[in-house]
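Both complexes below contain chain A, partnered by chain B and then by chain C.
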Partner chain A sequence: MNKNNTQTNIFSLSNDKVSATILLVPALIFCTIFIFIPAIGTIVGSFYSYSLTSMNNWKWVGFGNYVQATQDEYFWVALKNNFIIVFASIVLQVGVGTILAAILDRGIKYGRVIFRTIIFTPMVISSVAVSLIWLIIYDPNVGILNAIFKSIGLSTPSKGWLGDPNISIWMIMITAAWQNTGFMMVLILAGLQGVSKEVYDAAEIDGATGVKAFWYITLPMIRNVLIVAILITTIGAFKVFEFIFVFTQGGPSNATQVLGTYIYLQAFNLLHMGYANALSVILLLIALFLGWLQLKSSRKA
Partner chain B sequence: MNILNFVIKKIYLITLSFFLSFGFISSSYAIDITIWDLSGRNGQDEFYDNLNKEYKKINPDVNIILQTFENEAYKTQIQVALNGNDGPDVFFNWFGEDSARLARAGLALDITPYANVEGGYGNYISEGLSNTTAVNGKIYGVPNTSVSKYFHYDPAFFEANSLEVPKTFDDLLNLCKDIRAIDSSIVPWPLGNSERWKLNHVITMLNQRVVGEENTAADYNLSASEDELFTNPAYVEAWQKVVDLQDAGCFQDAPNATHPDLTRSMFASQISPMIYCGTWCGGIFNGEGFSDFSYFRFPEVVGGAGAATVGFLVPSGMMVSAKTPHPEIAAHVASFMVSDDMALQAAELMGFMPSNPTKIGEMSNPTHWFNFYVNDIADKTGHVNVLDVLLEANVSNAYLDMGTEILNRTKTPQEAMDFIRQVALEAKAAM
Partner chain C sequence: MSRFKIANIIAYGFVTLFSIYVLMPILVMVLTTFKSKREIFLEPLGLPGQFGLSSFERALTVGLGSFMLNSFIVSFFAVFLIVTISGMAAYVLSRIDFKINKYVYLLIVAGFAIPPAAVLVPLYTMVSNLNLLNSLFGVIMPLTAFGIPFTVILFYAFFLDFPKEVEEAATIDGCTKLQIFFRIIVPLSGPVIASAAIFQTVWIWNEFLLALIMLTSDDFKTLPIGLLKLRGEWASDWGAIMAGLTIAVIPVLIVFLIFQKYFVRSLAGLGK
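After this line comes the complex of A and B, so read on.
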């Protein structure tokens, strides 16, 4: 009887394995075609010099493309800009998102759904459409931002909001924050709503209310949600492309160049496909590291 | 096991339906010829509808399918598409380094054998024009138009303020100052350089006027020696002229943050009295409600090495993909686009300066700007191609970047040329 049972179990186990393998095959095929093969191709291509219009003429350069990256002034500008975007996005999107979530959770009694919907709405608009709308707002000749500044007697940047290399990256950040803060708010709001009311009641007895309760009760309780929000924002900031491309294409004078747009410039405009591959591998390594951090913190959460 | 059977059945059904649909498609005789072109041309849809109808009269089994793309996006997408297997059969290009690079890479088809067949492009356009697409003696494109650039101005404004058309570069500077003196809020010459190419067209002309086309040739094709490459001090002088224009108040405050479309609208709505704009602009101004404009050439630079009778000219037209499964038909369609009747339609509907002028006299009510462009291009003693089409990609990008830096005053003309020379030396070494 025991023997029979064992045989049945082994049979059903192997049957499950076969089923599981079959069910995994489509996903594996798609991952192989769309992720693994391109990723391997990118890594291999990063050791060669070739262009999009000379695909049959690959020249081996070893680590030459990586060495070139270390000596490339604009690569460092792009990397620095990515870090600026990470910092600014965390402050503007996660920081402001947390404040808005706290207000919606406990600060106001009426109209929560309306405010939440209004703040979240930009998130559902395509980034390209958002950029085009803000491009008009920032226009130095007919834009509403200039008109507002002038109407209250303030001066506007003579090179334009997006034409001045010192401020253009920050203007793009404001737009990105406008679009993405709503998402962060909803994410953090979900975390806030998971905090038990009893904890606040107990804290109130101990004299912790308002900002004190937010600082000592709310923030520690949603720590893991905040970590995930920060990592999502950080990874998004390293992948940023559409905003920069539509607004400035990395200009003026490469002042808003980020890794995404710089890779595009090298690959498709300057035809340095091998070098672009090397830059992509560097970006991939950064993204993998951040992804690993995210996984680690998610498990903790 | 049920799951396994289910999956096998599904795979069988999907495979069967795939082969059935493939069989159905291949049983049809229709041939699709896909054409990629830039978007936004007036009359474009009507022209291509007519092209499809007219071509069906001589080859009923061919469907011409048009796909259009925005200018900047097209420059990248066409390269990607030609490397893939789903690209166009026939595609638009500017003839210069861009088209030559595709030819050298084997992505564009050598259409020399199709020149003199029945209906071939050799029957419609001159050999000289075909040769603008030649690489190593082989023809890779069918030019269907050329674009040039002129100052367009508002004669009513000029007359009302007793302003005169400038003959020299100094006159142009004085004109800007005079317009600012009339009303400091008027932008004499709006410059939309957010995409970088607008100033590139201006420096193309300034290099020709100041440095001279004979002196630029060896630098532009990187054949000058390393000691001499882009060392002519006249290049710095040409950039200095841009600074002079800015100092004279010609441009608005933030040219690097202004889109070219907006500057065209500023002129068309008569907010600004002049603009340096291409031969495609006349139709745009007219479309925006302003047709009483006039034109003048880029003025002479006194003491410069280049003649004032030389103009800006970029031939453009159609190339055939080397991967098209129907090379003969694709080349025939490209040729048909410059046939007598279609060239006339391209001129009438899209305002093209046709490469085949056989029926140009039959145009019904040609616009005044069309007549001016055609006659003036014919009158010129020579032409220069625009730098962002002509130069090697890295040098071209350096010129584009330095235009932005000069306008922002983050680099001096000398620093800009030092940078361009450095990039040119690296590009020459990599050749």
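After this line comes the complex of A and C, so read on.
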């Protein structure tokens, strides 16, 4: 009996290895071919100068593309815009999302599912469609934003809502918040629902209710969910592309570029492939750093 | 008591205002579709005088049907591949003690962090060299790859909590891991498969950047890229643009409303 048992074990162990390899390999192949090899290609390509049409004319330029980036005014504008979008998104999407989640969790009795469904809805609409819908709202001739401002006697921006970069970056934020706040709300709501009733009962005995209880007791308890929410928002803010592509194409005079649109411009409009790669490596480093932060915070959670 | 009432009014007021902010653009989209060109220009805040359908006729000329079919094909195959491949990999990572598993998992997380924009040029070159530009297959493959890391992480968390007793019993009966995975784990993983599939469908249906650089011929464009054509073709004909958006957006909204419970669950799980 005993001998028989050992035999099955040895047999199934080697079988395990075979099945495990069969199950694991497809994922590794896909990620290697389409994510890791291109990532390495980006790094290698960032040390060369070449264009799309002359794929074989690679010229070694060392760190030349990186030096060019540090001297490129528009690269810094794009990076600055990404950071503005990060901070504004955290305030607008995570901040407002937390308030909405708190209200839906304990603030109101009726209509929770309806409100949650409505506020979450924009998440399923493609960003291009979202941008085009908001384009008509911001339009200086037919847009309802102008119409509303005029009807209550306020003046409207002379270059339109998207013509002045100081204004259009905020219009982009309002649109991004429209699409993503519901997602943050649902994420944080799930965290809030994990806080047990006893905690609130105990807090009430200690005299903490309402906003006070929320600030001092609930928020610290959902700290981990908030960190995840902030990280997802930050990563999303570095990926932002469609709103800017549709609204302003990065203009006027590159004032609304972000890294994503600027890489696209350099690569596919100006055909500066090497330089686009160097910009991609900078984006890659930021992305990996954020990924590492996320991994660290999820380990703690 | 009155303090409680005021807090209640503020709470309802805030969610109501936010809901109006969310609904207003969708309402503008639908109403503009039915307005005449004159009404769109002269009465931005007004309701359509009569429900004209001519905007739809103009919108349909850009080929929305074919864009939708392309999006459907891309989403179907990519999501099928993502869910199958990720589920298999996550099962191995959560069950079998390979020494390299830890590094494989770290690699997967790194893959999750890399955005398509950061590998745009080499990816384009590769797909171009394989002669796969302007083919649905050429977008399905990289999209599948970019969907895998997140889905592996999602499945991994689910499998870790999965009771191991059933599998142990099956192992004693002589099943291999491969058999256990397909006969026991898959049938019991309905909820997490639904979550993963929904999340990836939303992402792939709406994916823009990779489709933009790889699909330049109208025959192969997916819906998000095709929608740009509305603007190119109908410049300031807002009725036609909004009609096209309505056709593209309303089916997605209906699917969302039917399955909203699963959508919400799928995304809410991310924070855990």
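For the reader, a short list of remarks on this structure follows.
Assume the second predicted complex is superposed on the first by the 290 of 301 C-alpha atoms of A that agree within 3 Å, B and C clash if a C-alpha of one lies under 4 Å from a C-alpha of the other, contacts with A are read in each partner's own complex, and residues count from 1 in each chain.
Following the convention adopted for this analysis, a contact is a pair of C-beta atoms (placed from the backbone, for glycine too) under 8 Å apart; a residue touches a chain by one contact, two chains touch by 3 or more.
No experiment lies behind these values; they were computed from the predicted model shown.
In the superposition on chain A, contact of A:F268 is made with both chain B and chain C. More residues of chain A lie in contact with C than with the other chain of the pair chain B and chain C.
Contacts of A:I119 after superposition: chain C is touched, whereas chain B is not reached.
Within the superposed three-chain model, A:P140 lies in touch with chain B and out of touch with chain C [touch as defined at top].
Residues 15, 18-19, 22-23, 55, 135, 139, 141-142, 264, 268 of chain A lie in contact with chain B in one complex and with chain C in the other. Every residue of chain A that touches chain B in the complex is listed here, in rising order: 15, 18-19, 22-23, 51-56, 135, 138-142, 157-165, 248-249, 251-254, 264-265, 268-271.
The touching residues of chain C, counted against chain A in their complex, run 7-8, 11-12, 14-15, 18-19, 21-26, 28-29, 32, 40-41, 44-45, 81, 85-86, 88-89, 91-93, 96, 98, 104, 106-115, 117-126, 141-142, 144-146, 148-149, 152, 171, 174, 176-178, 181, 202, 205-206, 208-209, 213, 223-225, 227-228, 230-231, 236, 238, 241-242, 245, 248-249, 252-253, 255-257, 260, 263-264, 267-272. Residues of chain A touching chain C in their complex: 8, 12, 15-16, 18-20, 22-24, 26-28, 30-31, 33-39, 41-42, 45, 55, 96, 99-100, 103-104, 107-108, 115-130, 132-137, 139, 141-144, 146-148, 151, 178, 181-183, 186-191, 210, 224-225, 228-229, 232, 235, 238-239, 241-242, 245-246, 259-260, 263-264, 267-268, 273, 276-277, 280-281, 283-284, 287-288, 290-292, 294-295, 301. Chain B makes touch with chain A in their complex at residues 1, 3-4, 7, 75-76, 79-80, 82-83, 101-102, 104-107, 190, 194-196, 252-259, 262, 266, 393-394, 397, 401, 404-405, 408, 410.
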